[in-house]
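Next, two complexes with chain A in common: one pairs it with chain B, the other with chain C.
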Partner chain A sequence: MSGATINISEVIGTPNAISQKFGEIVYSRAVTFIKNKESVVFDFGGIKNLTSGFCNASIGRLFLEFPLAGNLIHFCHLDNSLWKEKVDNSIHLATNPEESKLYDSALASLFAD
Partner chain B sequence: MAYLIHDIENVPPDQFESYFFDANSWIIAIKLSYHSQEHPYEKKYADFFDAVINAASLVDPKLIRKLKHKPNISITSMLMSELINAYMRKIAMRMWFGGGQVYKTKNFKEDYRLKEDSDYSKQLKILVNDIISYKDFTTVVDDDFKKIDPFTFIGNLSNTCDFNDLYYYYRFVELKNTCIVTDDADFLFQDIPIITGNPKLLKHSDIK
Partner chain C sequence: MISYSLSGDIRTNAKGTQALLDFYSFAKKFNDCWFNLNIENLDWLDGNLSALLLKYCHLLKSENKLKFYIDYKTLKGHLNVLDRNGLAYHIVNDKRYFEPYDDKDTTIPVKAFKLESIDSFVTYIENALLKHQGLNGIIFDDKDRIKTSYFEIFENVGIHGRTEYPILACGQYFPTESELKFTIVDSGCGFLKNIEEYTKETAKIKRASEAISWASKGNSTKGEEKGGTGLKGILSYCMKNGGALHIVSDDCYWAFSNRSINTFTLKNNVSGATIHLIFRYLSKN
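What follows is the complex of A and B.
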């Protein structure tokens, strides 16, 4: 099966995977392969910081839009256990839309307090 | 004296040297899933935070030269306390108990924080790691509580202004270069730049 390895730090030009925009850049790089049912390996080598927001905007969004993404997306150099948790959380939220909705509603309620 | 209140949708991220996002804005900014289109109001804060981080992350000298300021994000000890407490009590605990209002009937310490099978430790570690991820783009502001003169300061507390809001006002009004980002309608102070999407604050703005 053809596909691509996406080195995140090279694609976003920084070791800080900490913004929604950077997540969208990674999403855009990967989405064509996923649409064509080609595999994508996300390489976390060189990353210094990784946030939940980045994971939601990149990996989470791919899982949200493509139900078969789980068969096509793989990771390497994802050795940090907390980063692994963040990636898993983003996948969990994307594949559980009701929970995601409750989560965002809980966040929105902060402004209503 | 003037209300220097800016609409969050109209402020370029390089307009001010430093931004102080209040605790709720921080939480929205770093935790909104972006999966739903149902929260465009809250997303404005997440987008603005993101824009500030992106401007702060620039490394290309040509791009940096185009900025009015290369911004950073100001934090204080009280902010960090508010941020962690609010997220763990109002979001993490709420989600642990199903995401609805059930969490309000539970005891934070006994039913969540100290409960062995809860996800408290995991959620705390992720939150803390998320916050630490922004370290390179933040400026730590000392509390300077002594300088603020707390015994004069608390005399100004009222039913519309809580201690933390008043403290932030006193602390940042003297710094001149820091803009407060908040959705809190109570944060109505003069002569300090404020960025908000809240129409209750924006209607007072003296900026034309």
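What follows is the complex of A and C.
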């Protein structure tokens, strides 16, 4: 099967995947393959920091635009549990837009009138 | 030489912020001259507020061409923190007597970051803040979440702040109180402008206090591309660990502490936002 492995830290030129701009770069690298129904492996090897903003702009955006692409998108070296949570959240937000207002009950009670 | 006296106690609260704003409002009236920042009558200044004071002095230097003077002999006792954390060095024109060196290891030095200096900001948060002796008692997972929240906040300034001015940061550890206060400041457009525009058909937010609350819940003006987790992450940490989060924007000083939110009105605030995070109940080393 054709496709690509995208080493994130190499593509963005830093181990700190913390900006939306970097997410857009990774998205641009992957989108052509997804459009052509080719698989993409996102390699987190070499990454030291990761934010939700980056995940939403890259992986989340792919799932938003290609809701059925789940079987084409894979991850490797995603060993950090907090990062896995961020990646999973970005996918969940993209595929469940009606739940986009994440709101724990503790925060809800703080802001209640 | 024009002179202005900072006096009394200036702490991380609305009154302290107003005191620094009053200084800026006064100094803004002058152009292209020497300016003596007199601290003889200053009893206390929270060291983390150096980020805010440096912002005002930076604006006055660049926009009003003021040249600052501080009498080195007055930086004694507690006030030597303004020397140790680098504030005095960055403010004064004659830097011969000011050499930032923290022999007490209680400061997180005041530092400026351009919006494109992401790696530099990462290093500062990871090393200067999270490896500070004052935060030794915080578990790794919490530190990981805190640093990620700050990265999101830094990113949000770049997207929403609409400014080319640097972001400033500074921290201070208060071992007697078991507190560490960390302050980050930008010179952007603040919270209200963007959020008022974004919510004009929905929540119709018109006041700064509402805008700050809206952002702290995790909302974002980024539209389909979700974001807004930075402040929510910091607030969640404070709720879990008894810390405090203060946010200053437009005419509002918004303060979360002890599970409640209080707001105060400021006069003559300067464009931009300030975020203070107060870590509490730290272990004493």
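What we mean here is this: the second predicted complex is superposed on the first by the 100 of 113 C-alpha atoms of A that agree within 3 Å, B and C clash if a C-alpha of one lies under 4 Å from a C-alpha of the other, contacts with A are read in each partner's own complex, and residues count from 1 in each chain.
In the analysis below, a contact is a pair of C-beta atoms (placed from the backbone, for glycine too) under 8 Å apart; a residue touches a chain by one contact, two chains touch by 3 or more.
Because the structure is a prediction, the values reported are computed rather than measured.
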Touching partner for A:Asn16 - first (chain B), second (chain C), both, neither: both
Which superposed partner A:Arg61 touches (first chain B, second chain C, both, neither): both
State whether A:Asn7 touches chain B only (first), chain C only (second), both chains, or neither. neither
After superposition on the shared chain, which partner residues are touched by A:Leu82: those of chain B (first), chain C (second), both, or neither? both
After superposition on the shared chain, which partner residues are touched by A:Ser39: those of chain B (first), chain C (second), both, or neither? neither
Tell me the contact category for A:Thr95 with respect to chain B and chain C: first, second, both or neither. neither
For A:Asn49, using the defined touch cut-off, is the partner it touches chain B, chain C, both, or neither? Pick first, second, both or neither. both
Residue contacts on chain A - larger count, chain B or chain C: B
Intersected contact list for chain A, partners chain B and chain C 14, 16, 18-20, 49-53, 56-57, 60-61, 64, 82, 86, 90, 93, 100-104, 106-107, 110-111
Would you tell me which residues of chain A are touching chain C in their complex? 14, 16, 18-20, 48-53, 56-57, 60-61, 64, 82, 86, 90, 93, 100-104, 106-107, 110-111
Chain C residues touching chain A - in the complex, by the definition given at the top: 118-119, 122, 141, 144-145, 147-148, 151-152, 154-156, 158-159, 213, 217-219, 222, 224-227, 229, 232, 235-236, 239, 256, 259-261
In their complex, what parts of chain A are in touch with chain B? 13-14, 16, 18-22, 49-53, 56-57, 60-61, 64, 82, 85-86, 89-90, 93-94, 97, 99-111, 113
Residue numbers of chain B touching chain A in their complex, please. 24, 27-36, 38-39, 41-42, 46-47, 50, 53-54, 57, 59, 86, 90-91, 94-95, 98-100, 122, 125-126, 129-130, 132-136, 183
